[in-house]
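Written out below as structure tokens is the structure these notes cover.
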Amino acid sequence: MKVPRTAVLIILVLAMAVPIMGPVQARQDVTISYWLWDNNQLPAYTECADQFMESNPGITVEIEQLGWGDYWSSIQSGFITGDAPDVFTNHLAKYPEFVALEQLVDIQPLVERDGVPTDIYYPGLADLWVKDGARYGLPKDWDTVAVVYNADMLEAAGIDPATMDEWTWNPEDGGTFEQIVAQLTLDANGNNGLSPDFDKENVVQYGFADDWPTAAGYGQTSYSVFTASTGWAYNNGLWGNEYYYDDPRFAQTIQWIADLWLKKGFVPPYEDVSGLGYFALFQSGKVAMTTDGSWMIGSYLGSEFPVGFGRLPIGPEGRKSMFNGLADSIWVGSEHQEEAWQWVKYLSSADCQNIVGQSGVVFPAIPEAADLSLQVRADAGIDVSAFTLQAAEEGGTFLFPITDFGGEITVIMQEAMDRIALGEVDAETALKEANEEVNALFE
Amino acid sequence: MTTSRQAASIQLPNLMRVHRGRILPYLALLILLFITLFPFWWVLRTALTSPASVFSHTSSLMPVNPTTQNFERVLGLIDTKDLIGEGVVTSYMSTATLDFWVFLRNSFIVSGTITLGQTFFSSLAAYAFARIKFPLRDKIFFIYLTGLMIPSIVMFIPNFVFIRQLGWIGTYQGIIAPTFLMTPFAVFFMRQFFLGLNKDLEEAATIDGASRLGLFWRIALPLVKGPILTLAILTFIGSWNEYLWPLLVGRDEDVRVLTVALGIFREQTPQGSPDWAGLMAGTAVSIVPAIVIFVFFGRKVVDSIQFSGFK
Amino acid sequence: MSGSKARSQPKSFILPELLNRLSNNEALIGYLFILPSLIGFTIFFAYPAIRAVYISFLDWNLLTDAKYVGLDNYRTLFSDKRFSDSLQVTVLYVLWNIPLQTALAIFMAVMLERFSTTVSSIIRGIMILPWLMPNVVVALLWLWILDPSIGLMNEFLKVVGIGKQPFMGSPSEAIQSIAGINIWRHVGYTSILIFAGLKTIPKSLYEAAAIDGAGELTQFRKITMPLLRPVLVFVLVTSVVGSFQVFDTVAVTTEGGPAGSTRVIIYYIYQQVFERQIKMGLATAASVVLFSILITVTIVQMRLLRAGESDLADYQ
């Protein structure tokens, strides 16, 4: 979610460029530009585009792939200069701002006109892109969170990965989850975290790593799997205006997590994960488990040791993972909105999503296509059902908290979370303060 | 025998003191040089490490599973699309390449032109500020100095607009223009050296009837040859490393410079952490020309400083 | 070696003669000398600054119409605790960065003088190396070396018996670590500037002092430091100004954290644009404040260091 520093300069430059921009040149042929950021998905979407162009001879689709950082800065500067793509892959963390800046086409009238079904996706995905009756995108894929483990370390500790199908968690004693984390933590003398002789100052292998430094207000792959399982919710719903970071359940859970390193030594402390991060620690063989999103599966499979994916622990209110979705949006400045819409419609259909599913990189928004993705990976001997089971489970997911002021909330909550993680202040105090500041934004 | 031993025992402490006093600074310098150099070994070591092993054996001082594949990848000697097909490329590996020789040529053209223009025009102005009396001189110099203090983030904006109005986006002159005629840094730098010059020489020359430009060209300039070459090198390498401005104005492959190419390479990793092995290979490749230039011209500077005035 | 002086005198050419005839008017000559630089300065430095001041009175996100809001942006700024904190963090950074960097650079420059030409040029080649690497790469490299858990630095400290340090992971060491990274990149460069200044000090002064029985330290205090002043002023003013604008390293490593402990002022400005909805007015207002601070600091520095004069000119 990092915005590159170059982006700020491009924006600043464009501040001055606006007055001198002429009208956008009209093109001769109808060419639709389409942008995405993941180069691993490029082959699948190129195939989609070929199919689309075959059945729509009048339209050419030009796909451009840019790295995550360049991607967002180019789109934002494109809004201003008139060079943004007609259609682009959109993210839930970004789109409220684009809506506020009036840059996205409301496709609801088109959906109604063409009778496009919005109920063919995983439940809830399509609704994420609706505000005040206006629709700003159609779902393309989704992600959930599951446990990632170093299979060698589990084996060495005599832990059967199947335990993860049953393990539990609660904010008082951490449940069997904390037991296993402790068991997987080893000090320099070979004592594990359950042993009375365990030396928490000399840990050589941690049971679990948490991506705390980027958790901020959402904790998508971090605290949210625990906090949500207590029944806590971020705010008063989609496009809400009141956040609940001061809820006692939330504070208690956050404190429990922080104590895993502040008091118990089972998890690498904040400073250890703040540099290269939890992923590098996992790759370097210093931690046994972590939680991560399904888009990272490919990265983990590049490890030098066998990696497995397990279910999340069962909390007081069950297993909970954030359910995050991407969609394709049309830019308001597109000169060929009708053709852009045809392309979006195709992207969101089973025809394209099956192709994407077969490439086995992400999980498409249509369940049948997602099953294809699962199947492709199962054929390759990789079991990623922990992610799909989570998505399919009744009440197993909650949605990304979409509200205004996402950027401001991130800044405020990051500071609060940092201070808690460093043991400078207890969770209850810090979160109460931060929550007041967050809610003041909406006044 | 006795006397000579006595003499020796008298002189020994003295000798040791001097010795220690001399050796400590050298030792400190040696340590500083080691600290300076070591990270470069780390760049090379990582560039030669297999991408999958980047985070294992992190304390190994030697490359892990050594491979030249990263360099081949960066220089476009192997097609990364093929690697994807073979399943070798994981999602933390960048698929971009550097069109090395083209970008190298572009870097040379841009940095070379800026260096020539900026060094000459800034020296001219600096001489005037240091030696010629004219109304508002100190006020104008002070305003130049304030230019040093404008947060650079702010200046990109209208400069971009202006370059765009000239139709110079995607051209060499667009990248070069803002720093071709002066930077406050360069004027300030040269003025400080002209201030330090011996006035007598110039006064003598004035009596002999030399003009101002003659004084500048024949007397002052040769005396500050060392500083001028130093400034030229600093300017050259400064513009060689400039990233944001050429990124804004010169993204087109025809005029893209090495740093921009490297930045784009870095951004090509879709998720998570950067492609360390590839990035370090790219870094190693991109600083080689700068090192060569410095080694070559750096020697010139040394010589010229040795040969210049003040005896 | 004085032969080079004669060699470097170019043959007379037409332009100086022409100018000579045109006028012996000092003022006109002075203006002609600064003309090219004045053009460059007006277009690429002065105008942008003025434009920024104008934007700081607007409420503008670039996409919708700008609204004139008077001093509102400045009021918002000065009531924002994060802004005053960022000023404090920046000053702290400068205080860690500049004194250490300058002292090390002077030391290295003086040491260089002791070596033969060849050795000295090799050493200078080594010293300038970090500066040849782009900022962003330097930051990434050190992020790795200073990683508290798998970084080399802690491995090394363990070997020499110093305990594990959190570096950029803790508010107590984060800004110092960032200062350290930038010292690593800039110290050689600074040192070479100072070295160029040392070269303009006549050797005869040292010889005379040595005859008078002055030791090396005395010579350094009585000759080197005073005569180095013009160059030192330059080095200090430019490096302090640059230091106040630190950004790349922070953006790549800590992103202003932990707990806001490295949110320097340019990073604050960046956040106004990117983590709020493109608050151009606030961002430029903060730039204007930074600009005022830099001017003040520079004036004070110039006054303290009597920049306009050189002791060398008096000497002879």
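The letters A, B and C name the chains in turn, as written, and every chain counts its residues from 1.
Just so we're on the same page, contacts are C-beta pairs under 8 Å (C-beta built on N, C-alpha and C of every residue); 3 or more make two chains touch, one makes a residue touch a chain.
Predicted model only: the values in this text are computed from it and were never measured.
Student: Would you pick out the chains that touch subunit A and also touch subunit C?
Tutor: Both subunit A and subunit C are touched by B, going by the contact rule given at the top.
Student: Quick one: name the chains whose C-beta contact count is the highest of any pair.
Tutor: B-C
Student: Round to the nearest whole Å and give the separation of the Cα centres of subunit A and subunit B.
Tutor: Each chain's C-alpha centroid was found; their separation is 40 Å.
Student: Between subunit B and subunit C, what distance separates the C-alpha centroids? Give it in angstrom.
Tutor: Using C-alpha averages as centres, the distance is 14 Å.
Student: Listing for subunit C: what residues touch at least two other chains?
Tutor: Correct list: 51, 144, 150-151, 247, 269.
Student: By residue number and range, which residues of subunit B touch two or more other chains?
Tutor: Answer for subunit B, listing residues that touch two or more other chains: 55, 58, 153-154, 156-158, 243, 263, 266.
Student: Considering subunit A alone, which of its residues make contact with at least two other chains?
Tutor: Residues 4, 8, 12, 14-16, 276, 280, 284 of subunit A touch two or more partner chains.
Student: Under the touch definition given earlier, write down the residues of subunit A that touch subunit B in their complex.
Tutor: Counting only subunit A, the residues touching subunit B are 4, 6, 8-10, 12-17, 20, 37-40, 43, 66-70, 276-277, 279-280, 283-285, 295-296, 298-299, 301-304.
Student: Quick one: which bits of subunit B touch subunit C in the complex? Just the residue numbers, please.
Tutor: It is residues 25-26, 28-29, 32-33, 35-37, 39-40, 42-43, 55, 58-59, 121-122, 124-125, 127-129, 132-135, 137-138, 140, 143-159, 162, 177-182, 184-185, 187-189, 192-193, 195-200, 211-214, 216-218, 222, 224-227, 230, 234, 237, 240-241, 243, 259, 262-263, 266, 274, 276, 279-280, 283, 286-287, 290-291, 294-295, 298-299, 301-303, 305-311 of subunit B that touch subunit C.
Student: Can you list the subunit C residues touching subunit B in their complex?
Tutor: 1-2, 4-5, 8-10, 12, 15-17, 19-20, 24, 26-31, 33-34, 36-41, 43-49, 51-52, 104, 107-108, 111, 117, 120-121, 123-137, 140-142, 144-145, 150-152, 155, 184, 187-189, 192-193, 196-197, 199-204, 227, 230-231, 233-234, 237-238, 241, 245, 247, 266, 269, 284, 287, 290-291, 294-295, 298, 308-310, 312-313, 316
Student: In their shared complex, at which residues does subunit A touch subunit C?
Tutor: 2-5, 7-8, 11-12, 14-16, 18, 79-80, 97, 100-103, 213, 268-276, 280-281, 284, 286, 407-408, 410-411, 414-415, 418-419, 421-422, 424
Student: So in the complex, the part of subunit B that touches subunit A is made up of which residues?
Tutor: Subunit B residues touching subunit A: 51-56, 58, 84, 90-92, 95, 153-154, 156-158, 160-161, 164-165, 243-244, 247-248, 263-264, 266-273.
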